[in-house]
Amino acid sequence: MSLARRVPWGGLAVLAALAVPALGSRFYTFVATDVAILALFATSLNLLLGYTGLVSFGHAAYFALGAYTCGILMKKAAVPFLAAWPAGGLLAALFALAFGFFCVRLTKIYFAMLTLAFAQIVWAICFKWNDVTGGEQGLPEIPYPDLGWMERLPWLGDLRTSDHFYLLTVVLVALCLGVLRRIVDSPFGRLLTTIRENPERAEFIGVHVRRYELIAFVIAGLFAGLAGGLFGIFNRGVFPDFAYWPKSSEVLIMTLLGGMGYFWGPAVGALVLLVLNQQITSYTEYWPFVLGSILIVLLFAFPGGLVGALDSARLRLLRKP
Amino acid sequence: MPDPAFLFAQSLSGLTAAMFLFLIASGLSLIFGVLRVLNFAHGSFYMLGAYLAWQVVQWVGTGPGRFWWAALGAAVGIALLGGLVERLLLRHLYGRAELYQLLFTYALVLILSDAAKVLWGTGQLSVSRPPGLTGAVRVFGTTIPYYNLFILLLGPAIALVFWLVLHRTRAGRFIRAAALDREMLGALGINVDRLYTGVFVLGSFLAGLGGALVTPVKTIVPGMDVEIIVEAFIVVVIGGLGSFWGTFLGALIYGQVLSFGILIIPRFSIFSVFALMAVVLILRPWGLLGRPLR
Amino acid sequence: MLAVHDVRKAFDGFLAVAGVSLQVARGETAAIIGPNGAGKTTLFNLITGHLKPDAGRVRLEGRDITGLPPHEICRLGLGRSFQRTNIFPRLTVFQNVQAAFISHRGRGLSLFSRVDRLYRDETEAVLASVGLLPKAGEIGAFLSHGNQKQLELAIALASEPNLLLLDEPTAGMSAAETRETIQLISRVAHDRGLTLLFTEHDMEVVFSIARKIVVLHQGRVIAEGTPAEVRGDPEVRRVYLGERR
């Protein structure tokens, strides 16, 4: 197809991301880590929202489950990161399987409400189960993974621990996004889009709609959990807020801002929203007001998000040379 | 066996909470029933109703009857705000996917909560109980403020008025027809635009009224919008989205589960209401007294 | 091939289908006609599993399919098109048909293989047979109404059915489009040895291609037979043809 399609955007983005610590700014590394992790979180939601057409209002639940599981294992049981992190994703996936089993039986608004109810249950448990989750206070001081080996590598020796963790995050997020990309471009991913477009018709080309939706729900839960595990460490602690419904709307907004249904949309959304957040909160405390206004402009003027707007601009250019 | 007086007090406090919730949730349910829009900003209207009532009380003072004018003024103000929102913005999203409507009302939540902070600050505000209702009565060894008694009577009274409007007026008939079957609206020759605006205004009025009436018993703080909208969601989901009596029943159940849940499993009372909501959605997605959507 | 036995369905006490029995033999082209509200679409939905009958049985090639979900019935070799155009609007024409192949051939649960070239030859062959190959790269929603109907037929064919149910295949078409579509359908059905059951409001179309006609009125079969028999049936003339003229 066009030239833009042949550029390996993903690879370039990873290379650019890996170069961030070279700028030597603690702040840039901080923002970049945040962006990388939330890009994964939002992309996992996009599998439901943009590809399957399912509006989940409780995606934060799986993020929190991954964060708590990974955090608790590392802090309380001193489990190494390489075991604790996948365990967090796995537990999130298991809960997604259990909750999703009921959710996919409902349609539209009822689906959204039930995902919300389950997420609030997860939140209530995190909030109240003091012995395990630390309750309202959360679990501060999740340790960094042991990345001492990075110091022995050329160029990386002088970097801070947070830089090391950032590099690890970039590699892991890139791997996860690679897997998600494969799934989206697979026959399974294609059938998900038929469900988004027209569930009734999808049934009549032989698609077992509920089963496909459930599998998508579990995959989305898995990657949300993996994102959560990284976020807990980055955030130096896990808190009940991770599962609370404003977190679910935040990731919905990111996905919408970037463009649902476009693979790189949510990542772009995460980047733009977080950078904007950093900029604006340094001027004013009224970030929610700004966010709400952005959202309204988006809903009315750019329903396809930023990537969607670029895409239609590109199509217009191609049509009228 | 717990002390009966204590149980009585507990169920009465649950009942009072239920009446407030009913006031708020009935507007939410009405708007969903007719417009099929789940309005996150309903809680924000409630909060603004409270702030507005406080503001009017500052202007007119606390003399006899003044509180009631303040409450009415706040409710009317919120109704106007609701009308503007529907006419100028929401209207243009009706043809779009639910997600857009949901996120639009969520954007309103964000904007209105900050607007309230700008106008009224982040401190706690309170309104004293209206003269004449400042005392209390003792029943079975429990002290019940007159104002709470008033709310206990007001809830059913509003339910009754509401029911009469729905069943005995032309507009009410249209509203019920719209909630049951949207296709019928066109056939009945109804001006759908006006009906939608009217319903949104009425729903906003109820939210504003609820917010104003709650001020004598609760302090006004930022964040009360988010707190109430979650509760109102639970109530309408349990009772049935769009169902009038369902909302009433949902509010009663919610009030009791919350006030007794604290006794049985103190640490998990929030958990129990969300679990109840999930169970209802799984078994009867359209709620206890609702009907499946067409 | 298809045997429907005494199927009933009521909505809120209204009997939409009040005990219908009919049979379609292998290779036959059969039509169901009847005035609006006669229960044609409901009957289709009962056969294809979108609705569960209150009573009665549906058999496909001797196998009882009553109450099976649509996706399973589709896999047993029954394809259908819908009265209101029913495609995947934001997918390309190619993707619309390719998806049906993926699903039908059981590749839907393969999560990590590449989709782009999968079943390309098969998809292009089906598109060629309905005349849509030149438009393979276009987005479904942007096609003309006639092309969308062709696409729907192509999707149905990609499920490699033995029996094809078409609900008003020429609804909303001009006379010329109708003629073309009908020729297309008969040719494809003949080439693939398909059994065809369709509903249609255009009597000319019905009498030109159907070998067997079933007349439905108020949820009941009031006549059944060859076009000539049906044309001569006094009951049909009274309730149906009479009403139209």
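The letters A, B and C name the chains in turn, as written, and every chain counts its residues from 1.
We adopt the following convention: a contact is a pair of C-beta atoms (placed from the backbone, for glycine too) under 8 Å apart; a residue touches a chain by one contact, two chains touch by 3 or more.
Predicted, not measured: the structure shown is a model, and the values here were computed from it.
Student: Show me the overlap between the contact partners of subunit A and those of subunit C.
Tutor: none
Student: Closest chain to the overall C-alpha centroid, by per-chain C-alpha centroid: which is it?
Tutor: Here the chain at the core of the arrangement is A.
Student: Between subunit A and subunit C, what's the gap in Å when you average each chain's C-alpha atoms?
Tutor: 42
Student: How many angstrom lie between the CA centroids of subunit B and subunit C, rounded to a whole number?
Tutor: Their C-alpha centroids are separated by 49 Å.
Student: Could you put a whole-Å number on the gap between the CA centroids of subunit A and subunit B?
Tutor: Centre-to-centre distance between subunit A and subunit B: 34 Å.
Student: In their shared complex, at which residues does subunit B touch subunit A?
Tutor: Counting only subunit B, the residues touching subunit A are 36, 38, 89, 92-93, 96-100, 102-104, 106-111, 113-115, 117-118, 226, 230, 233, 237, 241, 267-268, 270-271, 274-275, 277-278, 281-282, 285-286.
Student: Inside the complex, what are the residues of subunit C that reach subunit A?
Tutor: That would be residues 48, 50, 69-72, 74-75, 79-80, 82, 86-91, 95, 98-100, 102-104, 107-116, 118, 155, 158-159 of subunit C.
Student: Can you list the residues on subunit A that touch subunit B in the complex?
Tutor: The touching residues are 49, 55, 57, 102, 105-106, 108-110, 112-114, 116-118, 120-121, 124-125, 127-130, 245-246, 249, 252-253, 256, 286, 288-289, 291-293, 295-296, 299-300, 303.
Student: Mind pulling up the subunit A residues that touch subunit C in the complex?
Tutor: So the residues of subunit A in touch with subunit C come to 182-183, 185-191, 193-194, 197-198, 200-209, 212, 215.
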